[in-house]
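All chains are identified by letter, namely A, B, C and D, in their written order; residue positions are counted from 1 within each chain.
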């Protein structure tokens, strides 16, 4: 595992996606090439009302030039400050942090389950797998949201050639209902030789965790928790483990095996 | 001329006066991924208790204006695992190691300290009689001069090396507690632990910490910590390690002027893991600009009205 | 449906629960230039002492991170000039008037309170036994349960109308002080006064206040104030007026949930003179959205873990 | 005296003057036409690391459209945040506050003494006097700074037609030395029928105060003090009076008579 770097980077590109989502590209980050899907960076916000850093999953990297992309949804004070960043603004970045997804073997079928703002690390994962020779058709990309506008970067996912399956709660795009419904149907039918990779809201992760356990499909979940330090020293981000004890989401996670965490 | 950054506390020399605070640097492993710990004046471990402790269930931290609340609840590996699993790593670090000791009873403090007596790597222990986040032990010892003297004397009797007592700000007179600790045999003080506080989630109408309250830390409390350092400094001649809301070298200078001989950096590490290094650098510059030879020239040099 | 904002404290009804805090709204004249004081639930005057007081020499305030320090030193016109020059203005205001009383001796508290007995315009007095910024009186009464009970009982004996006691956070147990004040005859509490703190000018190496230390106020101390309100609420059934770091209606909701029946706005007035009005507005919205009929439905409704 | 207004205004114009000086024009401010020279506004900074408002003297007003100009020198955290304001940004303004200069009679000779950042209210004063028919030639505008770059808006002052006399400590512009030196020379010679109006650093005000007293030239000084509230309620901004007691700079001042304050 690579040592995290703590570096000042500049915002070199920002794209305003719909529904309060933004894509931010920071550079140069000397550890961009070391970032692995599931890892995150801890971003210092420009001096202002928010004191602590905020965690964001790596969404993509351009290793040749040290570009690092984050996809951020504005949900509160911290992300609102971020959204005000303009091209050329500097900020400090600490990372890569946390345990990445353990990659599947090439012949395993990959079942990605992305819910809302859980999308970015899974985009990175899909890209990485394809770069490493995984057949895009063996990557099922289940992507759920409340409504059509929650499903971002559709053309980008499609370009990967993965099998994209969308579900929205209000039925404005893809199948109507929770994304876990088609996932369940799929796993019940084709669960053998599958690996689940999920990131999204707590309810979704809980459902996926139960699905995996019930159907004996192994897989990994990427969790969120409030993270004061992000590097494992404050013990503020713990989650209870099924085996007893606590794990720190920031450094023992954020990626955990299905069944590992008492969700 | 490079200013002399060495400080001496209870006969122990520190290469520089900037340490990391208990509970904010684990047992050192994580921080060591970012920079060699030899750059720190020293490191204070998370509080160690006799048995391993899980701590409180999450959420156990909450962000506040210019600070944070925590109620970790003394989560730690316990003295045995500490000695077995953590000490070997610490033994390899070129920095001063201070082990913070906590307990629910005087016997527990004594037992943990007794076992630490044989651990060569540590330079001193820091007695945490000021943790606001546990039902038993911690702050109740540190809020009563009689109990303070008793627990300090009991540890003093079994621990041969320097003994720091970490004081709580949540008292009517921190000076009285400091005097009691001194009477019990303390060699130095750490001033201060966190300030009791709470925060409420107005949507769920529940406290933002499962422990209902926690300890306030970070820049918000710096003025309180400075007043506490000053109060202890006016009362006792023992050396003081100042802690509370220090984020940069300017804050650090304030603490030295109020009477601190060394500092600990806590919450600021979460935002800026390299804060201690930057502070040392900034302090050197300040001394140079002010033509001062040694950091000790600053200690207590506040010119009061 | 407009939610009912009325609250009752010691038999006095307030149109709304948002008051301005002592020392942060003078004697009302200046604020009245900005909006009619009838929009406030009430107004608490600057502390009044027997003789006029000049207060400490400047500088007597200093900005801190998310807050400020002040050591005004109870500057006030004295009880005579207050009655002669300030009461006529206050008498014309359609709001509740609370006069804050301070003193260096029990006799002084008693004498000021006795004279206020005849001043019809005021609705209650607030006993300041918690001012951190004077050598004599103030906080020393509020840090000792025995003295607290004594001074409260002495004032109680000469003052016939409701009596609020304003508590200090700079104590080991605010609950003990509250109980003592209750035993002395208090009708309600104001929780809390400012937190002792200091700040240093690193260029001049002098304290940033001529009084060397001062009281920390503003958003930085909100978590402390909430914990203090909760502590008093757990200890006594008397109504609590919450104060400390409140800037907006969200903060206000936190205080109600922790047990406050009314609030005072201090430091936030300096940044946003209309803060109390905005808070009342925001509280109404919150109640409406949560389908609550009365602000009193919020009081103490924190669901603890 | 007009009641202060507390209003949200927008930055409609900013000019970067040299040496960290900026001119900011805010609008619409409904009380712009009520502002009088010597009065100030209390400006809320955009949400950030500085909590309190900052006081700035009114430098000019365009009453027809509610424009209010402030001239600000960046000296610390607060003013640095201000300097980052961009056109269109909103902020809150409280004012006009404080006691204005008492205007001289038309036949009195006006001796303005501006030191560094004390310049803005005196610019407003000169403009106002001329607007009201004061002969510009009877307005002596002494303007001092450490160096050439401290003397801003020279052409603007000159356009007023006043008798501008510059002094810089390093002699890079105008007379060499402290501005109080030529003021003294002038007052010693022509002190009769003069009124002094001074604003600037403490040392300068002290010297002017002494000059006025020694030469029996009446006048007014505009003072600065840290101002938590700006409206007279906190008692944080007091200065000792020669007659004993304290005065609040924010509402009993900032303009005081020469001799009134124990400087």
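In this section, a contact is a pair of C-beta atoms (placed from the backbone, for glycine too) under 8 Å apart; a residue touches a chain by one contact, two chains touch by 3 or more.
As the structure is a computational prediction, the values presented were derived from the model and not from experiment.
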Practice problem: Could you please state the distance in Å, as a whole number, between where the Cα atoms of subunit C are centred and where those of subunit D are centred? | Solution: 36
Self-check item: Between subunit B and subunit D, centroid-to-centroid distance (C-alpha), Å
Solution: 48
Quiz prompt | For subunit B, residues that touch 2 or more chains besides their own | solution = 65-67, 219
Quiz item: Residues of subunit D touching 2+ other chains?
Solution: 49
Quiz prompt | Chain contact topology (line, ring, star, complete or other) | solution = ring
Self-check item: Every chain pair meeting the contact rule
Solution: A-B, A-D, B-C, C-D
Quiz item: Across the complex, what residues on subunit D touch subunit C?
Solution: 3-4, 6, 44, 49-53, 92, 94, 225-226, 228-240, 245-246, 251
Exercise. Quick one: which bits of subunit A touch subunit D in the complex? Just the residue numbers, please.
Key: 47-49
Quiz prompt | Parts of subunit C lying in touch with subunit B, wherever the complex brings them together | solution = 64-67, 69, 143-144, 170-173, 195-200, 202, 204-207, 209-213, 216, 219-224, 226-227, 230, 245, 250, 253-254, 257-258, 286, 301-305
Exercise. Would you pull the subunit B residues touching subunit A in the complex into a rising list?
Key: 23-26, 29-31, 33-34, 46, 54-55, 57-63, 65-68, 70, 72, 75, 218-219, 267, 269-274
